[in-house]
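The structures considered in this document are given below.
Shared chain: chain A. Partners: chain B in the first complex, chain C in the second.
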Partner chain A sequence: MSLTTNPSPRPAGTPTAASRSAVEPPRRRSARRTWRTRATPFVFLLPVIVLFVGFKVYPVFYALALSFTQNVGGVTEFVGGANYGRLLDDPLFWTALRNTVEILVIQVPLMLGLAIVLAVALNSKLLKWRSFFRVAYFVPIVMGLVAYGILFSALLNYQNGFINYLLTSVGLPRIPWLTDPFWAKASIIMAMTWHYTGQNAVMYLAQLQSIPGELYEAAQMDGANRRRQFWHITLPGLRPALLLTVVLSTIGTLQLFDEPYVLTGGGPDNATLTIGMYLYNSAFKNFDFGYASAIGYVLAFIVTAVSVIQTLVLRRRAQ
Partner chain B sequence: MTALQHPGPRRRREPDPTRSLSAVLTAFVALGAVLMLVPFAWLVVASTHSTNEIFSSPPALLPGDRFWTNLTGLFDSLEFGTAVRNSLVVSTVYTALGMLVCSTAGYAFAKFQFRGRNAMFTVIIASLALPGQVTLVPLFKMMVALGWLNSYQGLILPNLALPFGIFLMRQAMQSVPDELLQAARVDGAGEFRTFFQIVVPTMRPALAALAIFLFLGQWNDFVYPLIVQRDPAAYTLPVSLATLHGVQSTDYGQLLTGTLISVVPVLVLFLFLQRYFVAGLLAGSVKQ
Partner chain C sequence: MTASPCRPWRTQVSVFTAVTALSAGLLTGCSMSSSDGSAGKDTLTAWAWGAPAAGMKATAEEFEKSHPGVTVKVQDVGNPAIWDKITTGMAAGGQGLPDVMDIGGDYMGNYLETFPDGFANLGDMGAGSLEKDFPSGLWKGGQDAKGQQYGMPFEVNTNLVFYRKDLFEKAGVDIDSIRTWDQMLTAGVKIKKATGADLFAVDKAASQADSANFFMMLARLQGTFFFNGKGEIALSGKESVDALTFLKEANDKKLVTDIPQSQGTTSQMKGQSPVAIMPGASWMVGSFQDTAPEMKGKWGVRMSPAMKEGGYTASSAGGTYLTVSKSSKQQELAYEYVEYSMATLAGQKVITKADGLFPSYGPMWKTAAFKEPNPYFGINTNELVIEALSQDTPPDHYTKDYPKALKVYDDAQTQVLVKDADPEQALQQAAKLLAQQTGRKTAKD
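For the complex of A and B:
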């Protein structure tokens, strides 16, 4: 990350930014040259600086300011920490937080576990048609969240959905996928696992290919079986990719919005209401912008805290 | 499914444990692949049927003849055609501009020394961990203030300086040899000429990866367009589909046909360019 090659000093008089005509005679006015040399990177960075400050940095502070306000009769008033205080006593917020955490602690390990198994299988020379399978598992990721939400809502339909048809045709009862609190969560977990497992497997696969084969040969000579090789060579070798995927999936799942919006609308009985959905409802259904901004800040705090802890724990274990 | 019937060890020979392991492994991976692909196959079949046929028991498993009916119905009712056009315009312009913005920034971060470089780069990367929802309300209010609700620029600009894209380009630009840049400068090329004529052409694979990410991200984006495109004439595809889905008497034949239309272009793009896509996904994440 930190390795950057430095451009060596330019020969004196070389035309720099903006002088595209290139035929300008070499001038030895070093002050001018230095100024231009210094300005060059900022010219290249200008669009990003403007866009980033305008649409990222500024809104972040704007949101902070909003989170201390309330709309009282059409007038925005400063209310101090009232929104944050209200959050603590808001049962719906706690429900949303609990739902989000429940989905997180089940979905992320399930998906990453499957992705590791899949990556090991896809990396195995014993597997036939490897390149076909790599594409097949990766295809769901191109499907947008709305598209796969709609697709799954049709597949999971209680009366006539394809999945319940398959269940009943082998003699199992229908499952109320989207209308029962437990199964609604399970549906969201299933849909997310379907969508993201292949993407994580590809990351593991790349890391696996960087583990030197001699390690396995040496282990085999020492009489280590496949299982021991997996625990003592494969898993430790996967650690950098593991850290990355754990942190990224956690960040993503904590912000979960699209799947419950399309699949369950947060229901039944708020069983799939996530923090992201609650924020959306507060802002764009109740038009309570101050409260929504406070929820956003609490969410950002949780995301940061969790990913910092994960990074520290997983890094320490690596040492 | 053929993999499931893969023959075990050939008869009349010593059973070879490697061969049977190979067959079992392939069978399991194939089963998983079927689970991954069945929803797509079902989507294709469903788009050719009426709602009644889709939800009949037993369900239709072979393509029917309603695809054109669904399609024309979709384009007649609501403003689906407008949504397709909006999505195409916005995603294409966004991709082109995003490539320019991210690659120039990546170049500056990778190939120049300047004060505040590391701090700026750290802030940009740190913003990856910032939940998008935090800026949702402020961005909405900004769009209202600027009069950019329902506009293309309101959709395109806020997400243009994509942290991941800048990171991807910086990683890629680091591989450009400094000697090459020196040579260009000695030959009298200006900075922009060096960038566009020397650097950009050598970056084609990385730019392809970036292009796919940008296009896919914008094409599939949902929450932000949902809140800033309030007028049906400004809907993008995902917003239009979600709205259709919310309607009480949903015509699932049409809805699933629309879903298929939203997926097929990116699926085709992906199948042609998947090696770049994978390269982009892995950029910098894993030490090679």
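For the complex of A and C:
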């Protein structure tokens, strides 16, 4: 009785104390391990989070604040929505928007159509050296902006360009690829198609691998020819990749900057001025950072709206 | 036993610390890396491009000799890349900028007005005493509206006309008899007939802003520019219309070769795209011998014809300025380098030899070396430039909206040369757009 009711502290080393000490440390370790386990991914993600906040989140909010300001004599002044109002009356902005939309509605369907054809061809078992062709079509996407610009400038040069050399050697007239407003736009579309088709083809190729071969076998047994197989098996099977590429290509084209920057500088006479180029010119040529930020936000709004609409429409069709 | 479970944790902490430090380094260091800001206490960095960079590299070597322990790193950033880099640095409050920057005269006003805290005041460091050694208009081009000195004139440029002696001779045209641009046009027709060469080249699609150079020269020869002294838009004035009409007439007579600006100069100098004349700035005197040494003796150079009998035959062609960035931690040392390069005979001899540019520093014009004939052109080109500079030509009013004016003009020129638009209407449209974009008034003739 006295042993069990003894209120004094238990001497160290008693069986009870020993049994507790044997139980507690593992519990602490377990708690620590749980905390550590939970923290580990965040610890490793932290550098990325730091970079993401520094280079993405902060500039996004800073640009928003900047879009409500103007630099007057070196002093940044709050001007409310004046920059956005100015955009509505700016003919160059509307020219840039119209150019961007024109390029978008021609280039994206053209490129994605080509990419589907290419992906089906690259998926064919009849094709020899498939790996070589897959790599060859993907290579343009990794080419640097400067090399890309030099390559197309050399190809499209009026006097000494390779394409005009080919044209003249078969008796056709030279085409002013970069100096005529119509052909300059066509050149931008050509360059973009060359640059990005391979990337989209690779995405389609990956999606094609997921279409069960049995479907084609069954269709063949039912007497469906290759064209019907393409329309009723291949295209529906590509839908997830189609949705992804349509949305990504639209976003990319709406932000178009590289091609007009290296090839035409937005000219001639603003024929290839895109919203991206106009934003760049406003910020870095005219030092109008507030206005450029407003253009950026309007562009972001357009991109978001178009992407949401596309996703909704294409998903509904898929269902 | 107790230490063992902690070891991985410590390892994780170390990894975390290292990775975070690396990230932080990336965040803070990226913007600094371009300027080599960490290069050392006595290391100066400078940004320039092309010929000015070559000259600055030469003075850097000499400056280092007279300043033991000091290193001057001159980076040829390239044009137009240098403007993007400077603008980005200025917008970031001076982050990543070098100590010394070479800035085009046409950009000075825009930079000074947009980033008034971006440059060190050279007047505070003693530049004021050097004013007497430079052409006064040029000296003032390095000042802000309050007259504070921020730029030290690098080179001074005037427009000249480079011409192919052999083509003129073959066509039987005496270049010295040509006094007006209309006479030059008539000569161009003869030359085309006799040699097949066009009179001159223009980048009709205006792939680069420089495509406006010839127009600006013709407009300046009549005393006008994009803006007048009041800051009003002068782009649609009669003189500007006359200048663009001249270009249209030459184009209509099929005397204009269309060459992108980026490729044009070299191919013209080398005679690959044969043109009879290259109207251009005096800094090109040095470029010819570097770019087309094989054409020595075939090129001549003279002052410009006038737009009308008795009119101006010289016009300014800008220049550049050496500036010290306010964010530089070694402003005094940077100024010393700037002063040595721009305003001492020792520095000027080195820099002029290396870059072939025409110096702004007056005492340099009196040196013996400066009076020697240029073997490439067979005449004393320095005398020609001094003669042109001595003409009392009106100043250029760049304003901070110069880039916008250049853009709307380039588009108007393209409309005229590519789409056959009417020069007057095209310039009126351009002036209207510029007024809308800048809020400036259009000057009345």
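We adopt the following convention: the second predicted complex is superposed on the first by the 279 of 319 C-alpha atoms of A that agree within 3 Å, B and C clash if a C-alpha of one lies under 4 Å from a C-alpha of the other, contacts with A are read in each partner's own complex, and residues count from 1 in each chain.
Methods note: contacts are C-beta pairs under 8 Å (C-beta built on N, C-alpha and C of every residue); 3 or more make two chains touch, one makes a residue touch a chain.
Note that this is a predicted model, so its numbers are computed, not measured.
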Next item on the list: Answer with first, second, both or neither: which of chain B and chain C does A:Arg227 touch in the superposed model?
Entry: neither
Notebook entry, point to check: Who does A:Leu92 touch here: chain B (first), chain C (second), both, or neither?
Noted result: second
Next item on the list: May I ask you to decide whether A:Tyr158 touches chain B, chain C, both, or neither, giving the answer as first, second, both or neither?
Entry: second
Check: Once the shared chain is lined up, is A:Leu145 touching chain B (first), chain C (second), both, or neither of them?
Finding: first
Notebook entry, point to check: Is A:Leu51 contacted by the first partner chain B, the second partner chain C, both or neither?
Noted result: both
Next item on the list: Based on the superposed arrangement, let me know which partner A:Asn281 touches: chain B (first), chain C (second), both, or neither?
Entry: second
Check: Does chain B (first) or chain C (second) touch A:Val43, or do both, or does neither?
Finding: both
Check: When the two structures are overlaid on chain A, which partner does A:Phe289 contact: first (chain B), second (chain C), both, or neither?
Finding: both
Next item on the list: Look at A:Pro181 in the shared chain and tell me whether it touches chain B only, chain C only, both, or neither; answer first, second, both or neither.
Entry: second
Notebook entry, point to check: Which chain A residues come up in both lists, the one for chain B and the one for chain C?
Noted result: 40, 43-44, 47-48, 51, 55, 153, 157, 159, 283-284, 289
Margin query: Give the list of chain A residues in touch with chain B in this complex.
Written below: 1-8, 10-11, 14-23, 38, 40-45, 47-49, 51-52, 55-56, 58-60, 62-63, 66, 118, 121-122, 124, 126-129, 132-133, 135-140, 142-155, 157, 159-162, 165, 169, 194, 198-199, 202-203, 206-207, 210, 240-241, 244, 251, 254-255, 257-258, 261-262, 276, 279-280, 283-284, 289, 292-293, 295-297, 299-300, 303-304, 307
Notebook entry, point to check: Taking the complex as given, what residues does chain C use to touch chain A?
Noted result: 5, 9, 12, 15-16, 19-20, 22-24, 26-27, 83-84, 87-88, 91, 110-111, 113-117, 204-208, 258-260, 262-263, 273, 400-401, 403-404, 407, 410-411, 414-415, 418-419, 433, 436-437
Checklist line | Residues of chain B defined as touching chain A within the complex | finding: 3, 6, 18, 21-22, 25-26, 28-30, 32-33, 35-37, 39-40, 42-43, 46, 54-59, 100-102, 104-105, 107-114, 117-118, 120, 124, 127-142, 157-161, 166, 174, 178, 181-182, 185-186, 188-193, 195, 216, 219-223, 227, 238-239, 241-242, 245, 252, 255-256, 259, 262-263, 266-267, 269-271, 274, 278, 281-282, 284-288
Item checked: chain A - residues contacting chain C, complex -> 29, 32, 36, 40, 43-44, 46-48, 50-51, 54-55, 71, 73-74, 89-92, 153, 157-159, 176, 178-181, 184, 264-265, 267-270, 281, 283-287, 289
